[in-house]
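Below you'll find the structure, written out as structure tokens, and then a few comments.
Per-chain residue numbering starts at 1, and chain names A, B, C, D and E are given in the order in which the chains are listed.
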Amino acid sequence: HADNHKPGKGVTVQPAVATWTSAIPVSWVYIELLSDLGYEVEDPMSLQNPVAYLAMSEGDVDYWPNGWFPLHDPQLPDNADDTITIFDPLCSGCGLQGYLVNNEAIEKYDIEGIMDIADREEVRNAFDHDDDGKAELYGCPPGWGCHEGINAMIDKFELGDRIDHVDAGYSANFTEALSQIEEGNPTLYMTWGPSAWILKLVPGEDVSWINAPGIVEDENEKASGIDGAVTDPIEMGFVAADIQVAANNKFLEENPAAKELFKQAEIPLKWISQVDGKMSDEDLDDSEVQPLARKWIEENQDKVDKWLKAAREAAK
Amino acid sequence: MIRAEGVTKIFGPDPDSVPPLLKQGKTKDEIQAETGHVVGVNNASFQVGAGEVFVIMGLSGSGKSTLIRCINRLIEPTYGKIILDDPEFGDQDIASMDEQTLRQMRSSRMSMVFQHFALFPHRTVLSNVVYGLEVQGRDKAEREELGKKYLEMVGLGGWGDHYPNELSGGMQQRVGLARAVATEAKILLMDEPFSALDPLIKVQMQDELIKIQRELDRTILFITHDLDEAMRIGDHIAIMEAGEIVQIGNPEEILVNPKTEYVANFVEHADPTGVITASTVALPFKDRHFEASGEEQDVTYWHRKGYPEIRFGVDKDGKLKRMTFEGNNVSIHALETCINEADNAPARHTDAAVYCQEDTILKQVMRGRAYSELPVVVNDSEGRMTGVIDEPELINGILEKRGYAQDD
Amino acid sequence: MNDLIPMLGGFLSDPFELFNIPIEEWVTQFVNWLVDTFRSFFRTYVSPPVKAVMESVQWLLTSTPPLIFLAVLFVIGWRSASWKVGLFAIIAFTIIGFMGLWDGLMVTLSLVITAVLFCLVIGIPIGILCSRKDLTYTILRPILDIMQTTPPFVYLVPAVMLFSIGNVPGLIATIIFAMPPTIRLTNLGIRQVPGQYTEAATAFGSTPRQILWKVQVPLALPTIMAGLNQTIMLALSMVVIAAIIGAGGLGLEVFQGLNRLDIGQAFVGGLGIVLLAMVLDRITQGLGDKAPGNRAGGDE
Amino acid sequence: MNDLIPMLGGFLSDPFELFNIPIEEWVTQFVNWLVDTFRSFFRTYVSPPVKAVMESVQWLLTSTPPLIFLAVLFVIGWRSASWKVGLFAIIAFTIIGFMGLWDGLMVTLSLVITAVLFCLVIGIPIGILCSRKDLTYTILRPILDIMQTTPPFVYLVPAVMLFSIGNVPGLIATIIFAMPPTIRLTNLGIRQVPGQYTEAATAFGSTPRQILWKVQVPLALPTIMAGLNQTIMLALSMVVIAAIIGAGGLGLEVFQGLNRLDIGQAFVGGLGIVLLAMVLDRITQGLGDKAPGNRAGGDE
Amino acid sequence: MIRAEGVTKIFGPDPDSVPPLLKQGKTKDEIQAETGHVVGVNNASFQVGAGEVFVIMGLSGSGKSTLIRCINRLIEPTYGKIILDDPEFGDQDIASMDEQTLRQMRSSRMSMVFQHFALFPHRTVLSNVVYGLEVQGRDKAEREELGKKYLEMVGLGGWGDHYPNELSGGMQQRVGLARAVATEAKILLMDEPFSALDPLIKVQMQDELIKIQRELDRTILFITHDLDEAMRIGDHIAIMEAGEIVQIGNPEEILVNPKTEYVANFVEHADPTGVITASTVALPFKDRHFEASGEEQDVTYWHRKGYPEIRFGVDKDGKLKRMTFEGNNVSIHALETCINEADNAPARHTDAAVYCQEDTILKQVMRGRAYSELPVVVNDSEGRMTGVIDEPELINGILEKRGYAQDD
């Protein structure tokens, strides 16, 4: 019976964790849950996305709960279909992505969307930081999914001669956007949440999401109820990403309990954002988030027990 | 022109701890054994006149190089003054000169030949030679011209484009020599400049050196281990021992009157025939050695005690007027006039005698004796007879490097 | 009292639990202060001229038609080393061109050339200074350590804050990382010049400047060139990091390749960088071999 | 015919439009083949021993109580340089400890020590070989260029495929990047030993090995130590990149700090690396200054 | 023990192009000007017997160092053989020896003193000295002992722990000397080993060298520019000019019978009194110079033509039995027995004569003449009178370095 109670006994699990902060609380929840199932869970390895997926497909890492899809699609290795399983979202539509402009500029130029910047010359010039006649868009690093998304939009609407998508690492891009905003310059950038970035420049307070064309077919698909959007509903320009567990197939085969858990578990965006904010405000170490995860589990014991039960069932 | 006063150089971490020990009379070796300090030069004072060649000799490790390097301050003397009396720089103490003046002084007044040559390996021979001129800021054409001239002088005309590592030791040394003289500086510091040269080229170089020294009236400090060289070119010679200068004098003084055992040993192997002069070895024309044996007209006849067959007729001024051998008058000739004849004569004259000057060197006197069997008469600059040299005096001079002068 | 013993035990086994130095906060505050105070200064007065220099180099390179560029390259390789090097340079650049990376190559080349020039112009005098005074080198040595080992990732963000994104912070990061070998090996090379040569030069009344340029630098040149070589290599090794802050060029290819797990693309970018490295290495090697100081090793 | 002229014009202005070398594909295929063929070999036979070495070093360092570690460190600093250096080392490590990074420090230190040891053991013999035969160096020089300038990002991915994530690929990347200065400067140092000394040794019938160890290496030591110093610096500069593929340690702090826009965290990690660099630099400098070859610069 | 046959060294890119030019009779300078090749050594052949000191002299750049370096193959000879006849290695050509044997030969059979010292700057003086022993694989204690012994020998006992750069030039040279002799190799190659030494230490070192050469029966090849040194220690002397060996002979041969003008000039400055022997300068006891003047009992009296007052009574074996001066018998003494007396005598004897051996050097003969005014008689090894030396012969010998022997 005890066996039944701890299906993961004797199995060592190697998780990975993403490098952004909002990945941490999610990561801890899964570690706690797997431990409850009796797994021996190693400290998670902090890896960049492509490396994490590669390692997962090689079996060097067993899973991570930090997949953002479809955003991460381009970062999957070629053989991902055979080696990696991506589970149903643990938090559906939680990965908000979109374009932001600082509020001052929005007021001054009365901006509702990217097209306002692209089409109106005086606005475009105001957003042009390097005097090349194009408005700067501080976007995503080459190779990321969002990089391709932005470029697709630029291509589709032929914005290439008016909008300059800056090619650089994301930290660099964001830092530049932040600096420009602090300098009081109208600035257009792309970001996502929950994340540290959103905590630095808070939509609604400092900046606002603006409309971007390209994804939405009709009005219903527009997002509504987003904090800090210039319009409601708003056309974000990206589909909101689902946060999903990705795991190595071989590991899953050998560990039906874990597999069942990955299928079942869900974590609310609100809590993730809350912890993310707390980490930033109180400057918490990663390890200091663990008790918060435990606390959340305790507070949601009913739900959690259900998942664990299902997992134990599956292990039989 | 250069006056060194109490120049001292102590090598080691705490030089000031050493002079008290020296005062206590500790030797260089004792100090080294006790404190690890090496006494390079100890209280050296000397003076070099303008246009003089001042030779420094001494045992290996006695501090010659250190001393000469103190003069242009390549080595900072621990104590002492080095006064340079120069028309342009005035009376200045090199030891306390500021950097700027020191540099000017080095580039315009002094140049140096190094014991280990220290040719620049990355420069061709010619561009080594012109280095000093470059520093002086001469223009290129002038530099090349002078450089080539001096390279020619040291017999390496064709080697200007080679690099030092393609040259033999002696050739390198000559490049170093050319480099030093090319600056035409008034003072030349030369640390064993001819040590790697064969005797022929060495003599040539000595001649060249003396020539340029005369032409340009240069002052030369010269370290050498070659006694004959020292005797040949040195106006004064200083002998060093364990950091101290034990004797300074002209070559003959040093050779004939060594002040200490050490100096005597040191000069033992010198060839005296080129240095020792007639006056030194001659038997002095004094009562002790001669007796009068009659007068005739204006002269008094003298003969050496025990040798009555040779008589010298000396007038009241002390000049030799007549001379007889076994009663017959003999003719008297100046040495110079009969040297050639002497070389070719089948036998030595007994009917002719030879006189020389007090400063005639033994080598010449020997030629006189090859001409005539009779004693060589030595006259002073006024023409007064001061002594005679017969075979014993000659042999004594050659073997013992001194004459009767000492006895008096 | 009773608590003391376990506390002591804890201290012995893990003494660092006692307290934490809150350096993180200090730094954050300091950087904030720095940025607030100097950002506009740097962005207005420092970045633009540096950028102008870099961009004119870049403009020169990119606006030269490739065929002319190759011809000039050949001449440079040939004069500084041999015709073989010239030929090799052409082939290498042509390969990069046919991989479709000509423009990236030009951007990277201009970054590297500018950075290396800065390194030489600043580094050699500093290296010389270090060789003169032990104190200077003692003080500088830890600074060099800092320059070389502070991960660029640490100062990338502040650099972007101060200098904006793009070439300028990339160039600065490259200069910081690549300069130390030039300084160190200039210092080492000059110190290793045998005393007898400087002494001879001194005896002829050379000024320190003359000793330096006529004797020490020529004799130290092989070592200084080794420093230059290292500087070039390190500058090239920074190309990818420079790309992360928006300097573009070949580094961007690699960065992108990595981000999307595209080994091929990363490799092509990397190959471009490596070929560029080889060309620059061979050219500088040629210059170094001609250095007269090489004679010193001979059996003099 | 009419088409030819614009084509030619196009070719002249942009000759590289003609075709593209499909290197990307070749590389992808090659890497796939490589991984398929050798993965299990590397993962079974190469990774484990290397990992074992690293982990035992790491185990040794982490399992030593910090206070004992500091004591040993002091002795090392003192013996190799001076008590001042020993003291400095203690202070530096203590600061890192109080920043809460002791464990990270130990991980990084073991990575660096292992990498530098490998670099020395492999690099010095190769450097010596290069100094012996011009041909060897001619062949090796481009390889060194490749090692130093291929952006680690290019081979990180294949390295992960072949060696898995974690210490091993990080170590290998570090060794590749950090070894060239050791080789280059060993080669340079030995070549610069004046011919007269090797000649004298030869005249006494020394074997090449004796000449090497009794004459060339001692005289070249200052230069070799400069190479070692550069190797250490470069190894430390790879620490962050090694962290990207899971080597952990101080580099991870930096890497996370960057990704989270936490300048403080990145800085703390960077500071740790820099302090470590300074300590290692001072210790090796001490060893280098004691090298007898330093006498050669004197005024002999 | 060492035989060099046609050893030639051409420096330059294409050595093989040079021998035809040499055959055409082109000089070294011409070849250098035309082709840029330097002829280091040209077709040198010589032989050095075991236990012999073979001195090489010649102008700076004439190829001495190159030749000596060919012997231990520090320089690869372009052509020629160097046969080493050694009990252990057998008859071997060094020029074509394989690396391994060459190394063994160098470490066990040969050692070298370098013209530029080439001390290892990173080793202390003592550890420089023991270098060769280290290579031989001797154990540490033995090494140290030998090293200290030889350091003591060169007078640097207290300097073992210093580094070469703290030593003066001459001290460095002596360290190089100690390093070479410490290996106790049978063959010593010495390239101007005493050039930086002062005369006193130089003589000491020469004495030590001769001592260890005798003790260990070493073969020494010795380059020097010091003629007196060459004369003093050389069994044979080779004179080189522009890469060629122009004359080989023992010191007196070279001095007395220079083969060419060049050699004659070269040895001009040598001090002959230590080299030239009595037989060389003596007036030969032959009819041409002497006439008989009566017989008495068992002897025939002879006198030199023109000097009837001195008569030599020679028996039928040719031995000098009696001697008269102005009719009085004089006593006849061996030179050795009267040297001391001669030094202290107030005047020269006319009642005593001196005889010496044919190989007595001039310096000694002069002492004989200081003792007695009468000619010094020269006897051969059998005691037969072969000549006499009077002042003219002596002077001629000293000045011209030759005697009547040539005339015959």
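Note that a contact is a pair of C-beta atoms (placed from the backbone, for glycine too) under 8 Å apart; a residue touches a chain by one contact, two chains touch by 3 or more.
Everything quoted here is computed from the prediction, not taken from an experiment.
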item	value
Graph separation of chain B and chain C (steps between touching chains)	1
Chain D and chain A - chains in contact with each	C
Two chains sharing the most contacts, counting C-beta pairs only	C-D
Chain of greatest Cα-centre distance to chain E	A
Chain centre separation (chain B, chain E; CA means) in Å	27
Whole-Å gap between the CA centroids of chain B and chain D	64
Approximate Å spacing (C-alpha centroids) for the pair chain A, chain E	96
Set of chain C residues in contact with two or more other chains	24-25, 156-157, 196, 199, 255, 257-258, 261-262, 296, 298-300
Touching two or more other chains - residues of chain E	116
Per-residue multi-chain contacts in chain A, two or more chains	50, 54, 171, 175, 283
Topology of the chain contact graph, where touching chains are joined (line, ring, star, complete, other)	other
Chain pairs that touch, as defined at the top of this document	A-C, A-D, B-C, B-E, C-D, D-E
Residue numbers on chain B that touch chain C, as the complex places them	72, 74, 103-108, 110-112, 114, 116, 118-123, 131-132, 134-136, 163-165, 183, 189
Footprint of chain A on chain C - complex, ascending	24-25, 35, 39-40, 43, 156-157, 160-161, 164-166, 169, 243-246, 248, 252, 255-262
Chain E-touching residues of chain B, taken from the complex the two chains share	11, 29, 32-33, 38, 57-66, 115-116, 158, 166-171, 173-174, 191-192, 195-203, 225-228, 265-271, 273, 306, 347-348, 363, 366-367, 369-370, 373, 391-392, 395-396, 398-399
Touching residues (chain side chain A, partner chain D) in the complex	19-21, 45-48, 50-51, 54-55, 58, 60-61, 171, 174-175, 196-197, 200, 283
In the complex, chain C residues that touch chain D	12-16, 18-21, 23-28, 31, 65-67, 95, 97-100, 102, 141-142, 145-146, 148-151, 153-158, 177, 180-181, 184-185, 188, 191-196, 199, 222-223, 226, 229-230, 233-234, 236-237, 239-240, 251, 254-255, 257-258, 261-271, 273-274, 276-278, 281, 285, 296-300
